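I have placed the structure first, in the form of structure tokens, so that the comments after it can refer back to it.
Order of writing sets the labels: A, B, C and D. Residues in every chain begin at 1.
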């Protein structure tokens, strides 16, 4: 018996990515593609990579129909849209996975500060980061799939925060994303002549993924955390590299930290703790989150390492107190549609990796 | 009377960039091109963009000859090379501008920790950042041109550090560079199939530009500063975006900070303090360093701003204590050869902007 | 019973891609990874995207051992290497798929003109383009997997050539490739600072893929064909767009041509004949070859079409005699490792699409 | 006495590029910046690379005023706009350089076929390609600046066509352009997620630059020429590489062809005939058009050349009849605003290279 799936928001990038992944998922049947545009067009015409693969036609959203036909509905709609139709879907029987922000916040006031008025504040979703909330996700009717930056940032810091190893008042998360994170809507900043050979910071102190990161780090810490988050746009299409700069309360060696991370993620199928630092092309095209750690080094005993350009980098024995944690994900997979399918797998009790085993493209 | 200039290291990227800029400098005559390879080839054959523009032939370095023929010698050689020939040049009459690291450090022990043994430690250069050391540069015989990352990082933080406004123990500099910073030497990390759709951090806690940044911030602060520096490689060729995350000792509004920066750089021809944040394509192809500031905002009075993707970003009246300072430069111009020419202009008493007025290419 | 597979050339890009695809192939067991370097390292260490996915260790090539252990050996080695070990493998029982050029040519003199002396000229492979030679591939012991450019070029022209519709003396194939086609070996032209914002033609009239294209077009035409081939390097990592410019012997409408192409490829699982023109991102990450056709238009009846930038493009009813056929492939998949697996599937009598169903990544 | 210049279309990319270049032109004074948007904003606010360099404010177009204040008006407006205001400007005294297509065609019927109805068909401009029409440009009141693709294509073929060396019925021009050619107007095909790692052909047989190319080649040949033109979009921002594939009437060696080209362009300051093939980064940022030639080789005497990837390419002594001519330009400089300034220099009798001497950025 296959899981019957429907997608609302079939024309967007996360919609496309859901179809791309679900089409190869052995336990899934695609039963519905909905959007407020492109009516009557096959998915493979709107998304030419799916031509001959997904022939489902896009229909106008009909929530009672999709509630009957589907076991699970993916809401791949812009923020503030799912809040309008999720209440209708909850009248039916389908489970719901919302890829937008509408049900990510425990405190609706935080949501409203960053996104404006919520129309169904009484409905609560489970925050769909399996590495932190797997048990709840399995039982959930409504999963709120995390944002792309929060996925990378939270996974990069969770072990340190839960173990109370770092100064919670000086957490810096400096993230770099490809342009697909901005979605299919045209804008000057993602116009190729402006973005193609450029780097820019944006929403440097005000990005709405910051409160999402802080909500989860606060739960992990057991006290209020306010991490500082700044995203940058770089000229790749897919991929996020999230660099966290944190300060240890006391000196801990890199080896010990690696051990802590590996233990924390020992049973996670999609988190890989590396010996070195991850790069975007280790993960793009896959559902993996790769994590690496460096410790700022200080002291007197010096070994020399040869780096880029044949330069000598140094390594010392006694280790300092800044820690750099780098996490890499594909923003459309682990940062969106892949994680949504991971959540679906959990909600339906099947192998968590099903349909998500494709390794990253590299080169 | 034109300034007679010679370049040692004619085949590399900073050598090319010196020729490119000097060829259009109205007060300069190119008299010598030297390298340990490409003997007898015209510069315009090694660097095809300069074909028909620079016809000087590359010769084997002859330091006594260049000491006689040139008023100024640019050393565009790898680190640890200039230290071998600068003593010879000092026997002649030419002024010297070294684009490498050999004479950047006041304390030779710091140099030797990061670069290995120094062969002429008794010789001292003036650190060639005109915005901080203009008077000394004007009188200098030997200028040590700053590194690319330090140029952006120091300029982004100088006003805050000199005015003692920030917590000196929690300075994070997260920089992003194009690949030309790695030079012409082939390496796997700059092989296009590996670098072309990738982002990577490198030397995350050990980069040798960190001690250079710290030397200058320490002078500005009047006490020891140890900033934390992490560079990233992104798939552009030219340009650095340097993001500094710092914490204010007390709340200061963004408006006040902008005023402080504009006052600090009020007489600087190549530093522009922007109303918003700079992007790499504001400066690539030019000698400008563009700087912008955001202040982390906290409080209750909320105004809404529309951001990328039509999302609502927030702005508040009462302002918090993290400050993000972003600086953008062209790593080969303000970060190397353009700044070297700016230094030359100062050393010879001519208009500091001469030969450096070309605006950035955008788009 | 799974197909036991071994790969010689485990460190290169086509080796990596074989592992990436084979690891998800449900009917395959990976039994051997061989190379002349990286001995003892797990595949997932050399190719970090495969970490935790392919844990096989790389061993020094032992041909008698791999002949015993494997049902099929993939030779993902540089040209002129397979010719040395294929004779040894033929002593064993394993089937062989060579991704290099050594066994692609019917006439060894053509091979030797372009590649130098052949060391096992008596051995003949089947040219592994399933769309043209499926029956022979099924029975083959040794398959010579086509080059990347020939795959796209031949598929784009086969229907026209076999039906004798075009002037065989004026065939121009102008191809554009990403940099991964150049392989893992470092070179100045694929050094990111030189390649990252550049376009260049290379081997404009002498590329060794030309004789391979001509061999196959000659077979299709039944008379000697000498197509003119010029490749270009553009700053993407994966993907080929091959544009063929040909002249029709008599006027045929675009509709008729599309019908001819669709009929010709009607039973091909990996060739899609589009209504419009293909783009590289329709296929990158997949084994598809997408093909589109335009006919040069001349006449008097004009309809206006709006194009890029809102400009008006024209369309006319009466059609002219130049035809542009554009084909897009992923050079590492349909142009190399994916096609090799497609050939393997045929050689072992399993579903030709097995392990190759992942759609392209877009965006 | 400086030339007083005004720009209509100050907000677009060619407008920006005019300001960028004119700001450094020693014989020019900027007196007016006009557009139908951005009223009252300084040019340096709309184009942040020009901040502090061009402080002129953008005003609503007032043609009688600009006719009085300016010696020359640049129309950097979309096609079909200049035709509305050029008649008004001709009532004044200013010379006019139109960067759009409105006055490029000798035959208004050709214009109207590709662009729609012309509103001032009685007015004729001089086609502003200095290499072909210098004498007329010097005397012109109205210059029609060529399109970007025609500039590269015509210059690449002019010597062959004028000397009647090639088969005029089989001329293929396969061009590759960066995205800035599409201008500042947002569109899906230049949205970075769609364009950033992609290659696409467009208007493959119907591009409106084809009739412009054919008009000029026809004049050169003295008989009707219909070249076949297909453009491609590749992920760079600036630059065009135009590859012409043509067939010689009789065998001519590459050496002889190079001699013909060098003679033809012997007095041209901005055309460089190279020994090898040009690449986009030889010219981006400059007003140069670089041209290179290869001849298709056939025969028996073989010398081996080592190519990319260490492969052996061949070279033969007896030469064949296909010729590949590659031309590279910066589409916004020699393909638009730089050429417009070159025309201005000619129209005002000053040094043709004035303000255009900056060499290309490479790397």
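As a working rule, a contact is a pair of C-beta atoms (placed from the backbone, for glycine too) under 8 Å apart; a residue touches a chain by one contact, two chains touch by 3 or more.
Every value quoted in this text rests on a predicted model; they were computed, and no experiment measured them.
Minimum number of contact steps separating subunit A from subunit D: 1.
Contact tally for B-D versus B-C: the pair with more C-beta pairs in contact is B-D.
Subunit B and subunit D have Cα centroids separated by 34 Å.
Subunit B and subunit C, compared by their mean Cα positions, are separated by 45 Å. Among the residues of subunit B, those in touch with two or more other chains are 13, 180, 182, 187, 190, 193, 197, 235-238, 279, 281, 284, 363. Subunit B meets subunit A in the complex at residues 78-79, 113-116, 170, 172, 174, 176, 182-183, 185, 187, 189-190, 193-194, 197-208, 228, 230, 232, 234-239, 241, 243, 245, 247, 277, 279-281, 284, 294-297, 302, 304-305, 307-315, 320, 322, 324, 326, 328, 363. Contact residues of subunit C toward subunit B in the complex are 13, 178-180, 182, 184, 186-188, 190-193, 195-197, 235-237. Listed in rising order, the residues of subunit A touching subunit C in the complex are 13, 16, 20, 23-24, 47-53, 180, 197, 237-238, 272, 274, 278-279, 281-286, 290, 332, 357-363.
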